[in-house]
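Some notes on the structure that comes next.
Here the chain labels run A, B, C and D in written order, and each chain numbers its own residues starting at 1.
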Amino acid sequence: MPELCGIELSTPVINASGTYDAIAARSVFGDELLDDFPFSAFVSKTITPEPRAGNAPRRIWETPSGMLNSIGLPNKGLEGFLAEDLPRLAELPVPLIVSIMATTREDFANCVERVARRPEVAAIELNVSCPNVHSGLIVGENPSETEALLEALRPQTEKPLIVKLTPNTAAPAAVAAGAERGGADAVSLINTLKGTAVDPASGVPALGNGYGGLSGPAVRPVALEQVRSVRARVGLSIVGMGGISSGADAAEFLALGATVVAVGTESFRDPRAGSRVAAELECTLLSERSSAPALHLD
Amino acid sequence: MTDSAPLPRPGAASRAPFGRRLCTTASSRDSGGYRVVSLVDREGPEPLPGQFYMLAAEDGWGAEDGRAFLPRAISVAETRVGAAGGGIRLDFLLDAVGPGTRALCDARAGEKIWITGPLGNSFASPREVAPGAAGAVLVGGGVGVAPLALLRRRFSERGVPHRVLLGFRDRAHSGGLDLFCGSSGALCPEVRLATEDGSQGVQGRVTDLLLSILAGDDAESGVVYSCGPPAMLEAVRALCADHGVACELALESPMACGFGACFGCAVPKPGGGYLRLCVDGPVLRGGQVGEVSHAYA
Amino acid sequence: MPELCGIELSTPVINASGTYDAIAARSVFGDELLDDFPFSAFVSKTITPEPRAGNAPRRIWETPSGMLNSIGLPNKGLEGFLAEDLPRLAELPVPLIVSIMATTREDFANCVERVARRPEVAAIELNVSCPNVHSGLIVGENPSETEALLEALRPQTEKPLIVKLTPNTAAPAAVAAGAERGGADAVSLINTLKGTAVDPASGVPALGNGYGGLSGPAVRPVALEQVRSVRARVGLSIVGMGGISSGADAAEFLALGATVVAVGTESFRDPRAGSRVAAELECTLLSERSSAPALHLD
Amino acid sequence: MTDSAPLPRPGAASRAPFGRRLCTTASSRDSGGYRVVSLVDREGPEPLPGQFYMLAAEDGWGAEDGRAFLPRAISVAETRVGAAGGGIRLDFLLDAVGPGTRALCDARAGEKIWITGPLGNSFASPREVAPGAAGAVLVGGGVGVAPLALLRRRFSERGVPHRVLLGFRDRAHSGGLDLFCGSSGALCPEVRLATEDGSQGVQGRVTDLLLSILAGDDAESGVVYSCGPPAMLEAVRALCADHGVACELALESPMACGFGACFGCAVPKPGGGYLRLCVDGPVLRGGQVGEVSHAYA
């Protein structure tokens, strides 16, 4: 039975934050969604202390084997989330992980405390791809900023704290080590790679925000390398993600040391991708166990 | 109901089965510069006019420099229940503007296409929009005539009075016109055309035709339904607002998922903030949108 | 007429270091190669002070819209290059740029001096994706290391010095600024993104070296964003590269501030990709000039 | 000439035109578990046995999760000068093991394929290898029989004495055997088969057949030409080394470019360092390679 920081999971496949709105999906597909929920835990879209409308369009742009997004974390804010969304997410048949981002330690600590207090919540993911308003540094690019943040948050709860690492840094393993020192239970990686594109029709950046984050199969090799390097450095649990679209892809992450995997962009192409990846993964792992890799003579 | 209240979401009867499914292409034919691709869907419900599907060809997807990668949102243009072999025939009108629509247009009979849907809301009937409304005016341009074809058929089956105004650039760009033909093969009598070169119907823009209707007596109690390029939709929206006529606009915006997962399809609300067009639309009431702009389309 | 640091070029399209062996290509295709040489300048594969055999196979692995390589800079070393290769590269009909890497400042300075002295050489590209043997830091990940290296190399020659930036860092623009302060004439970017993959047949990393560098269309959005951020920070000339496979792709780099572009991986798919990209680019630029982006009503 | 001197590069007559070119698929047919795809090349020279081309299908390339991305190295299995409409017909024997070979096997008559080539060196004739050599022994396994088909035809046209030993797993895996048939349609008399299940020829491995020949009187003055999976090539190499018989092995290694640009195709040299198989091979003399291993194949 797969497990993440003490949370038992029915499969090693969860969702990537911000890539599945279970409430919207239920309104679209009905309760069929709950009967065969595609993930073994549900990670919410990142919430922030205050409500956010998100970035001006255009927000998405397709790229070779991937996509750019500059969604800009639209969300109802902490209070709106706790009041309106959390009760509905609690109806999902799987453990709930809430993703949080804030720009001061105090705000971060308050969010963690308020969210962790709710019994519906199994764990908290900390999205640290944000600037520290005091130092101006992007927390997740910096090992000591990350360590200090974790030291501030750790006392707020005994529930597992998962740090979502940013891939836009020279040494994600050093940041993971900072998270470990600060008391994190797990890291999840990768978030999106910084990227942009020019709209051929206008000759200017295609996204309203000027740039965005790259996801999808295009980034999978980068994600795998970051998982490999993080695993070499820390003993924490790892949620591996980035371009997973099949069970074979998921198996690559597990082979390099991920504890569980998350499916993001692939859910846009296939709303049940999570279940499919889990099923394919089981076949892959079964066939690996039953037969050593064979060399055929012809 | 106000002009800015969202349209109700479709009920369970036209709700998408959970997940994508592989459908077989029944036929594919040219239609005035566009292509009509017909699929047989053995699982889904009958869609409502204005609803759309996310489509991805099984073969050739990703074959142009790694694109198309995401599925493509396409309105359903016509349906036929009880297609040969069971299931529902879904007709899509496609304009091959890029790798995704090209791969879909290339699908030949027997080839397979992934679909998710029907998705989104649908046009309301004039009576729901404005009780006692005189009738419906359907205004379409370009490939945007697609959802109006299905809407026209439903209205005529239900005896809802309606007129149809379609605009095209010229004869070579009059795709989908055959979707507005009755069983006789001739264009339905309620359809009027405007072409920019005057080759068919009146010379000018479809909004010229609309203006002359809105200037008429019974205009205010009618409802305008429109789909087409952003500049046309904006002209329709502004005309209706000026004349105090209710309107419903089927918009486009970039969609990665179609079921509310990606937040990519944001359309600005007049008062600030954004709608997710895939779940809050694609049909919006005139009052729900500010200026319709190419920026998010 | 495009120009790079005073070197006049017939088109804005050159090659990416290490992705075209003009000597081998001439032995394969004959002098037809010279009659229609695909690039307006030729950048050599990176040379090092001593000869290197390169990494153990497997050296390449295909990924979604891209590839991983861990070639390991096989080369004849400085002396072998000067004696055997340079005279043959001098027969190419275009200006020659020599790419150099070393792990001490002294070695780097010696290479720059020896190479720059040769009249066949128009400019030097400094591959700084290497550790400083003293500090252990990857030079190109660090603005001050890069600045210090340039300060040591700048006195060796008046020929243009181009710094090939590594993309595996949080802020390539800061490193570019370091290069500018140190006296560089141009920067080129991006080099490959760190990446890996697992061989499904064995369950272990597919490349002999464990990991490699990702290139091809998959990385283009990342390359474009780095070019954009570097252009916002420095006035240097920029050689933009990363996944360029068409004139439209090249136009995106130029729109974001690249001075010229380089074609790498695409040459593997099409040995004349350089000429094709240049021709397509000309059409793109011409059509942009002749017509403003038009909105069609139907 | 020693067993470790590289084979000479082909002269200008079989040099690849610069760049890739789009060729039309003339036909495509099944062949014992493999597929024979024939292209018409209007530009290139006639290739030599052992040479290869880099192939990429125009349609469907990149369509399996962004792969195949790079072109694929494929040996030429047979050629015919003066194909209908001019040009040279090039036959390739393909084993559909992944996205690239699958897309190539899917090419139907009329569909287009990008080719670069002919590339690499070629097998030498026994007389060049060892003056006065008794004859040639061709040893092939699996899809590796491809280059030996062309080599056999050339030897027989030039009256070079030769025997052909081919190994397959079973009847279902005996692809390309038809390439070794004469104009009568029957297997050429110089061909001997070994199948692991004994369904055709002798039961056992092709290296068993080779061993019995090498044990014969005139063995030392012969030359062995081999192509097949790494384990087979290694067995052939070791047998020939043990018996002091010259051999030429057509190897495989991962190739991104085929023309010396990427340095991806490295094969270790016995004394250290690496060869680039695309320009220094693909045919290597026995002494040029250490143990043939799956690690670089």
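Going forward, a contact is a pair of C-beta atoms (placed from the backbone, for glycine too) under 8 Å apart; a residue touches a chain by one contact, two chains touch by 3 or more.
All values reported here derive from a predicted model rather than from experimental measurement.
Listed by label, the chains that touch chain A and also chain B are C, D.
If you average the CA atoms of chain A and of chain D, the two centres end up 48 Å from each other.
For the pair chain B and chain D, the distance between mean C-alpha positions equals 55 Å. Work out the mean CA point of chain C and of chain D, and you get 35 Å between them.
Annotation for chain B: residues touching 2 or more other chains are 62, 65-66. Shown for chain A are the residues in touch with two or more other chains, namely 63-66, 216-218.
Chain contacts here are complete: no pair of chains fails to touch.
Within the complex formed with chain D, the chain A residues making contact are 64-65, 217-218, 245-246, 295-298. Interface of chain A with chain C (complex): residues 63-66, 68, 138, 141, 168-170, 193-198, 200-205, 210-211, 214, 216-222, 224-226, 228, 243, 248, 251-252, 255-256, 284, 288, 293. In the complex of the two chains, the chain D residues touching chain C come out as 9, 12, 15-20, 56, 62, 65-71, 114, 116, 119, 253-254, 256-257, 259-268, 272-274, 276, 279, 295-296.
By the touch criterion given at the top, residues 59-66 of chain D touch chain B in their complex. Interface of chain C with chain D (complex): residues 18-21, 23-25, 27-30, 32-33, 36, 45, 53-54, 56-67, 69, 71, 74, 208, 216, 218, 265, 267-272.
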